[in-house]
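The first chain written gets the first letter, and so on, giving A, B and C; residue counts start at 1 in each chain.
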Amino acid sequence: MSFKTVERKPLSFAERTYVPQILGGLKTTFKKMVKPNETLEYPEARPTIPPGYRGVPTLVKDPNGREKCVSCQLCEFVCPPKAIRIKPGEIPADDPTAHVEKAPQEFDIDMLRCIYCGLCQEVCPEEAIWLQNVFSLSGYTREEMVNNKAKLYELGGTLPDDHYKWDKKKAAEEAGNGGH
Amino acid sequence: MIQPAQPELVTVFIDGQEIAVPKGTNVIEAARMVGTDVPHYCYHPKLSIAGNCRMCLIELGMPMTDRATREPIMDEATGKQKINWIPRPQIGCGTTVAPGMHVKTQSPMVKECREGVMEFLLINHPLDCPICDQAGECKLQEQATGYGRGYSRFIEQKNVKPKRTRLGPRVTLDDERCVLCSRCIRFTQEVAKDDVLGFVDRGSYSTLTCYPGKELENNYSLNTVDICPVGALTSTDFRFKMRVWFLKQTNSICPESSVGVNTVVWSREGVIYRITPRRNDEVNDTWMPDSGRVLYKEVQAENRLQPTGDPASDLLATATRLLQGGAVAVVGSGRSSLEEQFLTAKLARQLHAATFVVGRTGAGDGILISADRNPNTRGALVTGLISEVPGDLAALGREIDAGKVKTVVSVGEDLSAAGLTAEQLAKVAIVYLGSHANATSAAAQVVFPTLTVFEKSGSFINQQFRLQKFASAVPGLTGATDDRVVLDQLVTAVGGESAGSDLVSVWRELAAGIPGLADLTYAKIPDTGLLLADDTWSQLTFPEGESLHHQPAAAETTA
Amino acid sequence: MIELYLSLPIWVQASLKGLIAIGLIIPIAGACSLAERKISAWIQGRPGPNRARAWGLGYIPILGPILQRLGVFHLMADGAKFVFKEDVVPGHVNKFYYYLAPLVALVPSLCTIVVVPFGAYFDAATETLKPLILADVDVGILAVFAIGSLSVYSLILAGWASNSKYPFLGGVRASAQLISYELSMTLSVIPVFLWVNAPGPEATLSLFAVVESQSQPGFWGGMWFVFLMPLCAFVFLVSLFAETNRQPFDMPESEADLVGGFHTEYGEFKWSIFFVAEYAHMTIGSGVFVLLFLGGWNPLPWVPLEPLIAGLPVWLGGLIGASVFLGKTFFFIFLFMWVRWTLPRFRYDQVMKLGWQKLLPIAIANVIFYALAIALIERA
């Protein structure tokens, strides 16, 4: 390691009295004092949530009201703090979405464990789990802080769907193989 | 300890690597021996060769010879014999090795072939991995990562096929996922001998179906699910239950019969989800019966013996008082592990008690279920618990009636089911060790809740006198105690010497006390089992008939 | 009313005066602590304390929200908290001096207010301006210095009685620092009194006289001393900062290196007394500065108060005088806070160097210069 000696500029007399510097500082702080506050007064004023914000993970339905999660459990697998717990199940044959075959029976996200990393959203092949704009979650008990399936759908609501892949699948199934 | 005859060896070159393989080996197996994986779907080592998936295409060449003179043609540059490469790729599964054969498994042409096959296989594939139970153990997924294109060039409508066909009581078919490898068809024909499956229709409309009016309902139907390389055949029991990547695999032995089928128990967080066969070419190849796959349900069965809440010391004190009263009979079990049987025999010796084992027979199916439904009858012989092939408990009944027996220790055996009447049970005090409730546990004075075979470790000796070990897959029921521990405590309580109830200690005693097991430890037992000498019991007649890899010696003499 | 007051026994008069002193200083100190929090917040771009809302007062329309925004209820809550908090005394302290220290801090602060005139009224009877003062003693400034300096004992006592190393270091620093700057401070006011006393027949150290001498007619007579003796004012101001232990001279407290300095082992009400004393000290220091250099209750340079209030009722004139004086004082208190949230703390060696090597020589030279100058003017 080499050293380089840097000559300091000698202070002028005025600088050595501190006075001009102190006055400069006072000027700066006074300007700051009369400017509006930077602080967001949280409960009354809410921050604008930017797009792509990673809030509380939620489950969403497609615009037709179909629950998008098929309980593939990839989120459960990828979840670093193991906050997600899914019990998969079969959709009954008389359900309008029976062609999807699989849906979660139970879907719990332990918000005491969740670290809001968004890996579940990234890994989801069905675009069913989304970290949306809810950022303040509180409860009085540990049980309250575990979001069950109903709560997750309530938080998630409906998001637009670009694909409707299962609807297309059903339509193709009903149409059968053409020209056979 | 019986050495198979040395097979004739053939030298081949896989990707330039020389290896001697047994004659008759195909290229896939030869490549496997040098550690090279040749991807395949239809080939299965225990089934006939079909060669219809075309995934295992490889390049093949033979040393070049002059046709007229049969003289080898040498390459001037290298000084070695020239290789005559076949210009077209060949299937690896259907090609048997020949001396001097050269194989390329990684050449550009081979890679292109694989990519081409993958593209065609995926044309009509529904790509529903998120809801597919095979995901995680799917050959199509695996090969797609190596040879998949990543996107589809197929812009036409995909074929539609039935997605939820019930093939049988235990098997559900999703036909869209099928790659038409025909493994399941060959299995039902060749192994299960129940030829019900077949393809109908042609080309990409080919569909797997059952013969009209029949179902895939034989006791081996779930093996088709195991060998299905994709998610077409799924187990109705395991369907949508759990993703396989969460499951912990534990090697176990099926306790259904004395065949001793090698199994893998798949569990997550103390809950067993399924049982699949484990390959053992000397016992069960890669198969197991369906009936053995549901045995895990006994772990969480309704009639599981729950701890009563009495302190264990109280139970032990009561049991000790009963045992020290004298006139004790010990009923061991052919379902107990070798270690437990050894400790049972030790207890009986300490008490100078007569020992009995309940024989349990049923019809053998000639494949993987034998007539002897005790998984460890041979263990009882080896440990000296009994010296004869077990039958019913008529002798014990007579002794009870004669008043010679006042106390009976039963290790997991239901005495009433084994032939003792309720009056006989009422005459004696019973000390019962077991995992499930039954008439005996209800009549018993002392009940020790113990563990099922999935919750404990030990070993069985199967019909071939093959010592095989199983490991505990899930933690035991809270409050239930390992049979070994209870037996050891009883031995100690009645004045015996304890060398410890853990596997290492018990095996130290076993190795010292039983000549056939000298120098053995539990850890030394190989995963595929260890064949023991059976000369001592060659004069006995065992109930087993012929089954896969087992030819009963007694059968020849009696026949 | 004045007659009534004068007819009371002397001890009642004294008690009333004492109550006035307490009633004046304690609210000002409280307001200062709130102002400090608000000013620091504004300088840092925050709104400052504004959450608390008292039952009753806080729900009055318009006024309630304003008080809430100003954080007034936080002040009340803080005060109540200090009073009701558990009185924790560490086991290792010297109890007698430990309890004595806050009292020693508060008493000099309350005493000095007595000799500081905080306004003036026009006495129609004598047609002269009379100071609004609790004890109009002739020794004025001397009393302020003499009593005010005692407050250093509180820091030393607190540091020593706490029997713990950080408070001890704080106490040692306090004593060294206060003694160092005491010298410069005292020297810096000598020219003022030389000037005040130069032409007069009667020598005085009264602060009222200092203001009077800044209220004379004519260019020189009406000039505030800050213009006449800027260096004196500067030295006095810097010393004042050091004397009151305010940033950048808050060595005794110096929470970055001494945890809490002299008050590390103090809590609840005892702790708050230290701060009441500090703010009181600051208030009185500012007041003295205003009297000495900024013309006291004279609203502007060359504009004396006396003609303005000559015709007005006594109470109104007095109120105007007091308001002008307090306005100037409050500006200085604000200056103290403004400086605190602007400047970083000096290092201890810098504080000592500044005091002994810079400020003291300047102060001495200043005294010599003005002494010579005043002597020359008198001779002329």
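The rule is short, and it goes like this: a contact is a pair of C-beta atoms (placed from the backbone, for glycine too) under 8 Å apart; a residue touches a chain by one contact, two chains touch by 3 or more.
The structure presented is a predicted model; accordingly, all values stated were derived computationally and were not measured.
Peer 1: Specify the chain most distant from chain A by Cα centroid.
Peer 2: C
Peer 1: Based on mean C-alpha positions, which chain is nearest the centroid of every protein C-alpha shown?
Peer 2: Looking at where each chain's C-alpha mean falls, the closest to the middle is A.
Peer 1: Counting in whole Å, what is the centre-to-centre distance of chain A and chain B, each centre being its mean C-alpha position?
Peer 2: 46
Peer 1: For chain A and chain C, let me know how many angstrom lie between their CA-based centres, rounded off.
Peer 2: Chain centres of chain A and chain C, defined by C-alpha means, are spaced 55 Å apart.
Peer 1: Would you mind pulling out the distance in Å between where the CA atoms of chain B average out and where those of chain C do?
Peer 2: 93
Peer 1: Inside the complex, what are the residues of chain A that reach chain C?
Peer 2: Residues 22, 25-26, 28-30, 32-35, 37-39, 41.
Peer 1: Where on chain A does chain B make contact in their complex?
Peer 2: 70-74, 76-77, 88-90, 99-102, 125-126, 169, 172-173, 175-178, 180
Peer 1: Residue numbers of chain B touching chain A in their complex, please.
Peer 2: Those in contact with chain A are residues 126, 129-131, 135, 157-160, 163-164, 205, 239-243, 245-246.
Peer 1: Using the touch definition from the top, list the residues of chain C that touch chain A in their complex.
Peer 2: So the residues of chain C in touch with chain A come to 39, 42-47, 50, 338-339, 341-343.
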